[in-house]
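You will see chain A twice below: alongside chain B first, and alongside chain C after that.
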Partner chain A sequence: MTAKPKFAMYWAASCGGCEIAVLNTHEKILDVDANFDVVFWPVAMDAKYKDVEAMEDGSILLTLFNGSIRNDENERLAKLLRQKSKLLVAFGSCACEGCIPGLANLSPVGDIVHTAFNTITTDNPHGIYPRTSFDVPEGELHIPTLAKVVRPLEQVVDVDYFMPGCPPESHQIAAVIDLVIKVVKGEAELPPKGATIGVGDSTVCDECPRARNVKLIKEFTRIQDIAPVDPTLCILEQGVPCNGPATRSGCNARCPQAGAQCIGCYGPAEGVMDYGARLITAFASVVDATTPEEIDRILDGIPDPTGQVYRFNLAGSLLKANREAWIKG
Partner chain B sequence: MTEKIGVYVCHCGTNIAGTVDVKGVAEWAAEHLKHRGVVIGREYKFMCSSLGQELVENDIKELGLTRVIVAACSPHLHEKTFRTACKNAGLNPYLCEMVSIREQVSWVHTDKVAATEKSKAVISGGVERVLHNEALEPIRVPIHADTLVVGGGIAGIQAALEIADAGYHVCLVEREPSIGGHMAQFDKTFPTLDCAACILTPKMVEIGSHPNITLLTWSEVEKVDGFVGNFTATIRKKASYVNTDSCTGCGICWEKCPKKVVDDVFEAGLGVRKAIYRPFAQAVPKYPVMDVENCTYFKNGKCKACQLFCPTEPNSINFEQKDEILEVQAGNIILATGYDLFDTTRIPQYGYGKLPNVFTSIEFERMCNAAGPTEGKVVLRDMKTTPKSVVVVHCVGSRDENYNKYCSSICCMQSLKFAHLVMERTGAEVYNCYIDIRTPAKDYEEFYKRVLEEGGHFIRGKVAEITDAARLPEEEGKLIVQVEDTLIGKQRRIPVDMVILSAGIEPRQDAKEVGKLFGIACGASGWYTEKHPKLDPVATMTEGIYIAGCVQGPKDIPASVAQGAAAAARVLGKIQQGVIALEPIKASINETQCSGCRICNGLCPFNAISFIEDDKVSSINPALCQGCGTCVAACPAGAISGTGFSDAQIIAQIDGLLLRNLEEARV
Partner chain C sequence: MTDNNFEPTIIGFTCNWCSYRAADLAGTARMKYAPNVRLIRMMCSGRLDPTFVLRALSGGADGVMITGCHPGECHYIEQNYKALRRFHLLRRVLAGLGIEPERVKLVWASAAEGAKFAAETTAFVEEIRKLGPLGWGKGEEKDEGGRIKDEDSSFITHPSSFGEEVSA
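Moving on to the complex of A and B:
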């Protein structure tokens, strides 16, 4: 038997992009295989939940958990993997802060299901809706039950480290893999529990090469509506709401470097408690207006404020404590 | 828990104890917040008394308290008291926090049980917050000895003279071409019937010639930067097109000016002036100003009569003059910008503007003035007929749900004065229609009695309508005043020749914007809010900004003068201190977290934020920062923190309020 430490990766409510980001580390993935015994990774190898259940508690050294907690199966696996793992990493934006699935928290679950099965784009002539249990001659079948709200991993189990990004950048993943290997070999120490890893210590602006001035915004516009975008000037100053100022660095400002605004997938910067609140006050602060009507007109240039400032962070925002109250679902 | 916290709960007589179980709250804090560091919970009848303060001081010394919570009134009232007590006992004052269980609990609740529970929560929040407090030291800055007085009415004049006479420099800014304000328009002043000009003009002259006063008329403050001790005001000195270095105020220019203009300001529309004018003979300064809207040269490009006839060498008329922008440094600012008269056309049933012989109070004042358009004769709108009967309508626009709810305070006495003057100058019958007669100041009631004795008629009732539609032969050609005489319970129709509307007074139309400029607030009625309605009537919530006269609320001349002098005394007190200790509540930037996005750069109202180009980070000058928190809220990276208001403190306080800190809550 091998004495290599054990590694697991799991996807809950996610798109699969995080797994691809791991594979995008190219030959670095061979280091994972060389140094770890991969015991559970549904997207890459066949394994059964009962195999995990049979493992000794704490026997997996490192589990990268991506995806948010949308249903009872996600929750069960989160708890199971917590129990079996020494280090549980919330991997990617969904696990860290809810990400796109978290936007579902704006609607009651009933509405979501109704929309999915009963809108003009859904051909459902018999009005069939999913049921969580169904009797067949062989017995009772179950599918997972949707929870009332989408939760990030931390709201369900204790998390050791957070690695944000949608998905995390491959060079950051590679660096974290290297670090863990070094720790295993006794060449390095782990960061303090609860740390955010694979990131920079400031904001996207720090990595953004664009020129910045005092900001006075007379009009917010969508980026597709301005042409041409000045390639050297701060995107926010050009009137496009850019989430970079509140977003944690670590991605090398990929979007602004490519000519698009930052949408905030790396999550709140170190000092930020509520990402959306920070951003909207920042945007409001640079509105250059003298009358309430003008202020309204300028802010109306942000057509979907929630989508703009909470695209990745809604489920993990400060509002989480009373979410049950404001979603009557 | 290494901190030792003392919790002191005040009864405030029955103010708090009437609604909150004070003893129970103090005991609860000592028992249930023990694990958070509370070592003592005390209650006392009046914590702010010297005995109450001694309780705190003794506990600091004997129990070695390291943090103090006083649950009493609002910190606005007594934070300083208790912080000083802590300081006296050797504890850094900023380790003491007040929580309000009076304004925020006992005064707003009636349910004793719930109010007691809320008090516990508020204290719990305070305890969690104070655990995160840091020991701070006040910042000391020197005070600039100059004072800026805005508004040259009697309140501003009084304030400026008091300070200048004490030996300190004053810059007095006035929007109109002359100082004097409304008082300069009046003829007589109640209740002594002194001639307004006789008592005002000596003070105006003194302002004009005082070595310690810089007078800027025809000027307006456009911007105010800085803070107490170090204000910088940007003032626009409007072009008067008159070179005051050479002008002697001889008056030939306005004599020769061919353009007559109705004087809506000083003469209230009753008289005319020229396009180049001095509003009145005793104006200070003596120089005229050009009204470019009406000047023939500015409109048509020819005329220049004033320049042609100007006898001075060099010629004093300069058509090329431009507005000047001046910067004035001042340690303190007094705002005495006065009031606007209620616009009587807003009450259409009183007929002002439609019925020629309905006059406003200010029109009547000008008419009575010997230097006014009728040279002191009381006449009808035809400017010659003497009225035989006059109604004075009180409370026009005041004490009225439709206009202003407040009492304008001066109208009763002004109406009585009008009644006296009409009788004295015309012998006409005078009727005063009033709601209540209010004569609360010295010699006022005596004046009321005098007017009664002189034969003035008084009808207790609010005038419903003033019309010229006659129903009876004796009403033909008259103004008919319809009023219910509530004392006899009858409707009356009084046919008279003349009606005087004793208009109330209102905040200046631009009071809100001007307040914003100086960083002070208006109350619901639009008057500037004083720091304390009883105990600090001339200070404002903004340190270094004082208010005097009608800006603070309706008042008569003696009260305005008293406030002008009071504001001056406050300013002189500040100047005498030489330095001022500023609250060390400041914002600061964590340079690691700051990525130089520059969102905060344009926001600081005190210009305390600069951008360090080399390091690509923003930086705050602590001497300029006033701790307002604007940048703290705006920083998208959360890199700016306000001392005393850190996220950790606020979140801890919220957790405490929600009682998440209790041991019971942890299971």
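Moving on to the complex of A and C:
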């Protein structure tokens, strides 16, 4: 019997939801075990970085990399796994476009550390901050050093495929696993390099069953402030900023179907160069006003426009929000 | 912070029917205005995707000027109102990203207003000159794959205030 192809999964700056989404494929996970030799998956099995370092370059067939690049450890592992893997997949929104961790790029990293260790909810009477290295009798100890900005995987290493979602939907993961197994058996071909996989080819609105009429609204509001939410009418038309118009399909419009606005976790739809810009266009087109004063009054209903239109995409946006600006500060 | 030698780079988006003709008129009438603006003609200010503005800023522009027909006079009936709404939301988003919203300006100019176009352009260049360079398009060296090159400076060493002793 020939050796099974090798599989790895790693988490960088992420919440662990992507791993849960993989486990949510239920019995499909057994197919992974049946067809692959799982060599590295810190959340599921014990393995050391040095074990990976000892592997031959390109010896891992498939690596699912979730999480963004927040610190030097993330970056080291991204480069290591790139070197050892034939196929490196940016798995989940963090690895694809920065996701929620990417919102940290709106603040200088010093402010972030300060907030974490010195706010009213933190019991830190002596104002002690972590150090990245510390001398002990046995030698020098290190903890990872924060990078100035959060970066998606693609801004650090070459990526073969992108699989967005926060987390990717389990049925999409199952479909991708099936495809890779078929490829291994020679029954199917891989999509072209750089492709976004496990997704639809349109927008969330296209999958959403809610009725769209002529969208014009006099007021933006929050979903919790309208009761009850009309179960059949477009959520944006009800005045709630819904990110569906710019977001890639693939989730079967899960949130709108459940009565909540789309928050955009599947990232920019095909052909969208900047996610936020597309949403600016979408939101601006529903504003029912022609004077600057009235437009401003309506837009006041979106309290955090930047966070709204770049909730998942900030680190992957055109401006990346930004490197140089914060490096100066 | 303003460098005396700083010449702002401005990208101007003009609509085919009014503001581009205003610029044309300013030219044929030999009016003088600041040469910092690079005009890009589009059919209508309503064609202006906010992506264009972000692309300009991320590519090294210090400011973006959007011009169109006066409200009520759009060649395509009401598209300049769309431009107006996008402009307002875009400025809010830019402010959240740490970019002065004044770096993006909207000017209405009819085909007869060459003088207004010239004056507004010059005024905008002076405003941007005061704000200083944006510089968001610079300082990113990229390798062949288009990825940002590594530099030691991309990781912070914690400010000295973080270096206090950890109690054992």
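Quick note on the criterion: the second predicted complex is superposed on the first by the 321 of 329 C-alpha atoms of A that agree within 3 Å, B and C clash if a C-alpha of one lies under 4 Å from a C-alpha of the other, contacts with A are read in each partner's own complex, and residues count from 1 in each chain.
The rule is short, and it goes like this: contacts are C-beta pairs under 8 Å (C-beta built on N, C-alpha and C of every residue); 3 or more make two chains touch, one makes a residue touch a chain.
None of these values were measured; they are calculated from a predicted model.
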Clash-or-fit label for the pair chain B, chain C on chain A = clash
Request  = In the overlay, answer first, second, both or neither for which of chain B and chain C A:Asp201 touches.
outcome  = first
Inquiry  = Touch test for A:Asn213: chain B only (first), chain C only (second), both, or neither?
reply    = first
Message = Is A:Ala104 touching anything from chain B or chain C once the two structures are fitted on A? First, second, both or neither.
response = neither
Task = Using the touch definition from the top, say if A:Ser249 reaches chain B (first), chain C (second), both or neither.
result = first
Inquiry  = Under the stated touch criterion, which partner chain does A:Arg278 make contact with: chain B (first), chain C (second), both, or neither?
reply    = both
Ask   = Now for A:Pro305: first (chain B), second (chain C), both, or neither, which partner does it touch?
value = second
Query = According to the contact criterion defined above, which of chain B and chain C contacts more residues of chain A?
reply = C
Task = Kindly classify A:Leu61 by the partners it touches after superposition: chain B alone (first), chain C alone (second), both, or neither?
result = neither
Message = Which partner chains sit in contact with A:Leu319 here, chain B, chain C, both or neither? Use first/second/both/neither.
response = second
Query = Looking at 416-424, 524-532, 560-568 or 578-586, which bit of chain B clashes with chain C?
reply = 524-532
Inquiry  = Need the overlap of the two footprints on chain A, from chain B and from chain C, as residue ranges.
reply    = 273, 278, 281, 285
Contacting residues of chain C [partner chain A, same complex] = 49-51, 53-55, 57-58, 71, 78, 81-82, 84-86, 88-90, 92-93, 95-99, 135-136, 138-140, 145, 147-148, 153-159, 161-167
Chain B - residues contacting chain A, complex = 590, 592-603, 611, 616, 630, 633-639, 641, 647, 651
Ask   = How about chain A: which of its residues touch chain B in the complex?
value = 201-206, 212-216, 234, 236, 244-246, 249, 268-273, 278-279, 281-282, 285-286
Inquiry  = Touching residues of chain A toward chain C in the complex: what are they?
reply    = 71-72, 106, 109-110, 113, 126-132, 134, 145-149, 151, 154-158, 273-274, 276-278, 280-281, 283-285, 287, 289-290, 292, 295-296, 299, 302, 304-307, 309-310, 317-327
